[in-house]
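Each in structure tokens, the structures are laid out below.
Common to both upcoming complexes is chain A, partnered first by chain B, then by chain C.
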Partner chain A sequence: MYFFFQIALSGIATGAIYGLIAVGYSLTFMTTKALNFALGMWVMLGGMLTFSLSVQYGVPALVALPMIVAGLFLLGLVAERFSVAPFLRAGSDVWVMSTLAVGLLMIDFAEIIWGRSPTPVPSFLGNTPVRLGPLSILPQQLFIIAIACVVFFALDLFYRRTLTGKAFRAVAHSGEVSALMGINTRRVQAASYAAAAAFAGLAGFMVVPLTLAEPQMGTVLGLKAFAIAIIAGLAAPRGILFCGLIYGGLEALISGYLYTGIRDILGFSLMILALAIKPEGLFGRPVEERA
Partner chain B sequence: MSRKLAGSSLAAVAAALFATVSPVSGQDIKIGYSGALSGPASFTGLDIKRGAELAVEEINAKGGVKGRKLVLVSRDDEHNPVRTVAQYRELVERERVVAMIGATNSASMLAVTPIVNDTLKVPVICPATDATAITENDAAKAGKENYLFRIGMYGTGQANFIVDTMVKKFGHTKVALLNWTGGWGVTGRTELQRRLKENGLTPVADETFDSSDTDMTPQIIKIKNAGAQSIVNYALVRENTLVVQTKQKLGDDTPYASAWGIAGPAFWKAAGASAEGVLTSTTITIDGPQSPERLRLIDTYRKRYGQEMDAPSSFFGGYDAVFLYALVMERDGVDPKAIRAGLENVPAFKGMIKDFKRPVFTKDRHNAITEEDMIMTRWTNGKMLEIKYDDKGPYVDIDEKTKKYLDKKNLALM
Partner chain C sequence: MSRVRHYAQGLALAALLALPASIEGSYYQYLGIIVFIYGIVAVGLNILAGYAGQFSLGHAALMAMGAYTTALLTKALAPLPFFQATGAHIWIGMAAGTVMAAIFGALLALPALRVRGPYLAMVTIAFGWVIFKILQEWVPVTGGDLGLASIPKVQIGSFELQTHHFYYMALGFFVLALIFQHRLVHSAFGMRIRAMKHSELGVASVGVDVYGLKVLVFVISAAFAGFGGTLFAHQQNYISPDNFQFFSSVFFLLAILFGGAGTQMGPVIGATVLTLLPEMLHDFDKFRLIVYGAFILLTLYFLPTGVMGLFERGVRPSRLSLPTDALQQMGQPAEGSEPELTGAGASLELDRVSRAFGGLQALRDVSFRVEAGTIHALIGPNGAGKTTLINVITGFYRADAGRILADGRVVAVGSMSAAARHGFVRTFQTIKLFGDLTVLEHVMVGFARHSRSGVWSALAGSRRSKEEAHRNLVDARKLIRFVGLEGLEDRPANVLPYGHRRLLEIARALAVMPKLLLLDEPAAGLVGEEIGALAAVIRRLKASGMTVLLVEHHMDLVVSISDHVTVLDYGVVIANGTPATIQRDEKVIKAYLGTAHAAA
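The block that comes next holds the complex of A and B.
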């Protein structure tokens, strides 16, 4: 049983990261039906900034974190203004390309600024494993699971209890009707894009002590998170954390019981299967339009 | 104008520009080098160049070769085989170099090998690229003149050396594989499997991992459950860092040996104390007791470039390659064909990597460093210490006075 639980536990920690990134896809999809396909690169940017702040400039991790989240939020606003909003306004789908282009630009800039060699970023929680009975886990991994749960709980409250959150949901349901009701849809859309960037920055901050910082670090993470957002349902933020944790755990169990080589094949096949059976996602509700 | 044409005319313009700025006189002897001087592999590429550069300066300070000055002409191929091929042509056909120092990328060398043997016909000594087929190429197999030489690790030999060290020197028969799914890890895995088989063994576990993995828990536990006595692998710094961190997290002390992808200070910088006890095969280490000649060069390097050496095997490989060329040219002249033939006929050579008391190369052996010359090192408190053997077993020299034996079971210091 040790084998099962130890593997599942470390997989769940990885899954929490996927979940944190995946929620970003959901945020923008809900308000604009558009996606930031480059979220993985935003994760990378968060990771590289963590390296600069905490390793190069010695800023304490808990001070660096709000700086990174706020910084990426602002950068997200700028990127949305130039790479998404003009196309949305024109009713064009070019945002698919433009968000990716922004991501590729970010990789190129990161390579120029930080170079391409992987650099370690020590966890501010140290490297001494925490023992949970016979199981062991790195403090950073525990921290990731905890933060992911807090984020999703807070997000749920936000959507259900706050006026802004309700505005988000209204825009998600119908931009035009919301606008007629006096909601500034334009602002909601920009905010959702920026919030997605901020969550990606948070994910980058959390994951970088486990992966080393390098300009390519976010690419595959972003893809896997996308698979999870699709499996859970892009319009189902609650289901995303759950799916992320399960996906991470399953991945690790596949590696453990079967073979690492087929892990991603199974994972992405699952995504296609989910799309075929339930296009709105496991947790999504089919869209019903009232006549 | 087609893209290809545009590219080649651009290359010609660039070549013309370079030709005018290169400090040459008709009497100078030119040695060429094309390798990664920028990008992720530049730590290796720069060290090859620096080694060659310092050797050229030393030789010139003592009057050059046959009274003529040596000149090193370098190009940055950005670790890109397409550029390497173009630069080899440019260096040989326009710059008229008489010999080359090998690139940083095995793919680059595999691409230029047939061109060098069939048309360019200048000798190349490779310090860093380890693909077996670079030296054991088509020309060699056909019994034709082979212009490719190597003074570094080579694939088949390194896999043999790693497996044999674990199996024969430490007596581990339950060996697990844990390889990177990237290019180098794939060829490495095949080589390791082959050598285990030749030793009559099958791996007790044969695991892989991706570059994007953030955790190796499943693989490490599986290997542990399979009862492995040691783990061997081919991977680079990033992946190996994750492996040793996961091992540390799980409290796993199975001995771990990796090929020369982590044979430099970058590994300790990334992995820190979790790298303690990891084994790495390589050609040379600059940690632990050193000869006065090496100490002098290490010191020169530090003063000259304001940093510690990143890739000692590359630096000393570049350095030794230039001295080998100088020795042969002094004796046989500067015609590329004569140099090539001469390299196969160097009966002894006091190099920095090794004091060769036998022919450095022979007609059938273009690898200067054989399995017998490779060294296994143990990461010990931030230093890569060579493992040596005596009657009492394997040991490392912590410094001139302290000798520590290794426990064959877990390779811990006793």
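The block that comes next holds the complex of A and C.
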């Protein structure tokens, strides 16, 4: 039983990362009905920048973090401008391909800049496990869970209490009507895309001390996060954190009790199944089509 | 134009046939083979994504299903003396690989039935990932990352095919795939999938089982991919999971986007350019993804409709302009075209039909009768439940309670296609047409329910399917004349004026040969003359024996053409009678104008 809880606990930390990335999909989906299909590459970029700043240049982690988040936000604005906005206006689905294309560019550029080999990035909180009763947890993992909870709580407040957040939700509901009400929908859409990129950067910053920093790290992370966003429902940010934590825990248990190879096979099959049964997600509300 | 195209195709084919003889060395033959194989997979994806509008980023996995199936099967069978002598194991393996991919295509279609667009793209990515992981992890069977080596070469009898033989074989299959694509796209099935891309509801309204259609199109597309995979396995003689990565799926989608999605030659151009491009950039292998990424972005920016799209736009601008005389003669059809087209209308009886949405009772015990061969109007203020009632009668929503009877017999309308089978066919308040399909094609899609020839007879080019197509063509022209759209048969529907689109929707519905035609606010958005034309068409429908249930706000139209009027308010029938009595009914006046007016 000890083994069970120990594994589940570390899995939950990974799940918090998934949730954080997944909320990025939700952000852009709500405002534009479009997604950054290469969001995983943005996580990778965050991770690689963390490696550069803290290992190569010795920048203190708490200085590096805001730099990375702000940097990816700005880059996200740029990427949105040329790889999403033109196609949103045309009302087509080809942003699937254009965001993927940006992701491909990022992988190759990262390999040219940083090389292909994985590199460790030490946690700024050290590696001495914290004891929680009989269980132990790395300080980095505690940090991740805490940050994820704070982010989701703040996001909830933002959506419900602030005027900008309400504008986001209004655009989510109907872009056209929001525009008529004087909301700058273009700005909201661009901001949501950039915010998703910033969250991805934050996730990258937090995940590399647990894994390794490498240009190929983004693909699987991005896919899993998407699976979680889909299972929870893209329009249900609260459900996403919950599903992320559960998914992370289950995944760790599958690895621990069965074997690692089957982990992603089960995970993605679960996502396909979830979509087949409940396309709007576990926490989403169905949208009736009008005739 | 088509002659030029024929010559170009003939020339290209001749050049490809001559290539192995004219160029020394097998490198170019090898490249050619790869182009053909990728081309076959791209054709399959083009049918799915280009024509039917269903995104897939998992085709590399379907290709892998074909490749691994044939590899395992042929390796197991090869030692047997019978197969050594005949080479039959290769063909068995290739057939099995194709079938296996088709089965997985059907599996992939299941979630695809519920989701669209980006969701579907993501499901297919996940599917591809699962297959990829299984290939990696199921080491005893798939060989894991090392893959499967020494896959038997193709042999005919005991003669083993060399590269230049294989070149001709692959070319032959590629040409065959293009011929299949051509026949499929121009068959009734092809029209249905192209229509589905634009409006699933519209296709469902003419009685097509959209679910079945989707499964079928996924299966066909997957079979192409699987077949390409089997060719790949026997050509390379070695396969590993790396051949079927996610990026290969991106490659195939890019190939059809670049070549022109939904054009017949698009996959050819896409597969050719994208196979040769990395070969030319061999020294830049480090920048492979950058090249692809940049290529995707440039394609999306500058060639949004692909190379072939550019080409087609250049050659037929005339299709987009409308002849003015055809516009003027709207609603003025030739005499005597009606009787044979529409059968006798049925009577409709609703018996205490109810439907609620959450706490909102949209319909409460609605009962009334529509006599056969009459025009029956259903009116009421906004939100009275009129469209909901049409949705219930035509199977878009299920009734919570109550019975629906046609000619006195209870009918089950569980789905739109079931309703269409009973002869209940509708038009939509917001027009659901099929984008750039022509006027003629729209009506042809309407004949779907009565089609006796399926995909296979279309692919085989059977006489029956040709005869049927010809018969439908004649009937479709009659229906187009009937609603007064003569002369516009070859125009894409999306260039028609609004009023014409309404009439086209009616023509499409008539092709289903309904017993009851339900028109949901057909006059909405029409100007004076257009309403006149619409009224003329509805009157002629009645003259030919059709029963029409008309939901309409336009009172002049209702009063002038209806035999009978039913008034709904808050989901309840408040009045029933001739137009004249309804106009004087106090409850009706109150419902429309409020109590003060009723009192005054």
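Rule of thumb we're sticking to: the second predicted complex is superposed on the first by the 287 of 291 C-alpha atoms of A that agree within 3 Å, B and C clash if a C-alpha of one lies under 4 Å from a C-alpha of the other, contacts with A are read in each partner's own complex, and residues count from 1 in each chain.
As a convention for this text, contacts are C-beta pairs under 8 Å (C-beta built on N, C-alpha and C of every residue); 3 or more make two chains touch, one makes a residue touch a chain.
Note that the coordinates shown come from a computational prediction; the quantities given were computed from them, not determined experimentally.
Student: Which holds for A:221: it touches chain B only (first), chain C only (second), both, or neither?
Tutor: The first partner, chain B, only.
Student: Touching A:55, do we find chain B (first), chain C (second), both, or neither?
Tutor: Once the two structures are laid over each other on A, A:55 reaches no partner at all.
Student: In the overlay, answer first, second, both or neither for which of chain B and chain C A:125 touches.
Tutor: neither
Student: Examine A:261 and indicate which partner it touches, taking first as chain B and second as chain C; both and neither are also allowed.
Tutor: A:261: touches chain B and chain C.
Student: Taking the superposition on A as described, I'd like to know which of chain B and chain C A:77 touches: first, second, both or neither.
Tutor: It touches nothing on chain B or chain C.
Student: Per the definitions at the top, what is the overlap between the chain A residues touching chain B and those touching chain C?
Tutor: Overlap of chain B and chain C footprints on chain A: residues 219, 261, 264.
Student: Using the touch definition from the top, list the residues of chain C that touch chain A in their complex.
Tutor: For chain C paired with chain A, touching residues are 55, 57, 110-111, 113-115, 117-119, 121-123, 125-127, 129-130, 133-134, 136-137, 201, 246-247, 250, 253-254, 257, 286-290, 292-297, 300-301, 304, 357, 387, 390-391, 396, 428-430.
Student: Which of the residues in chain B come into contact with chain A in the complex?
Tutor: Touching chain A: residues 39-40, 43, 181, 207-212, 214-215, 217-219, 221-222, 225, 237-238, 241-242, 245, 248-251, 266, 269-272, 274 of chain B.
Student: In the complex, go through chain A and note every residue touching chain B.
Tutor: That would be residues 3, 6-7, 10-11, 13-14, 17, 115-120, 122, 127, 129, 136-138, 141, 207, 210-212, 214, 216-217, 219-221, 252-253, 255-256, 260-261, 264 of chain A.
Student: Which of the residues in chain A come into contact with chain C in the complex?
Tutor: 34-35, 37, 83, 86-87, 90, 92-94, 96-98, 100-105, 107-109, 111-112, 219, 223, 226-227, 230, 261-262, 264-265, 268-269, 271-273, 275-276, 279, 288-291
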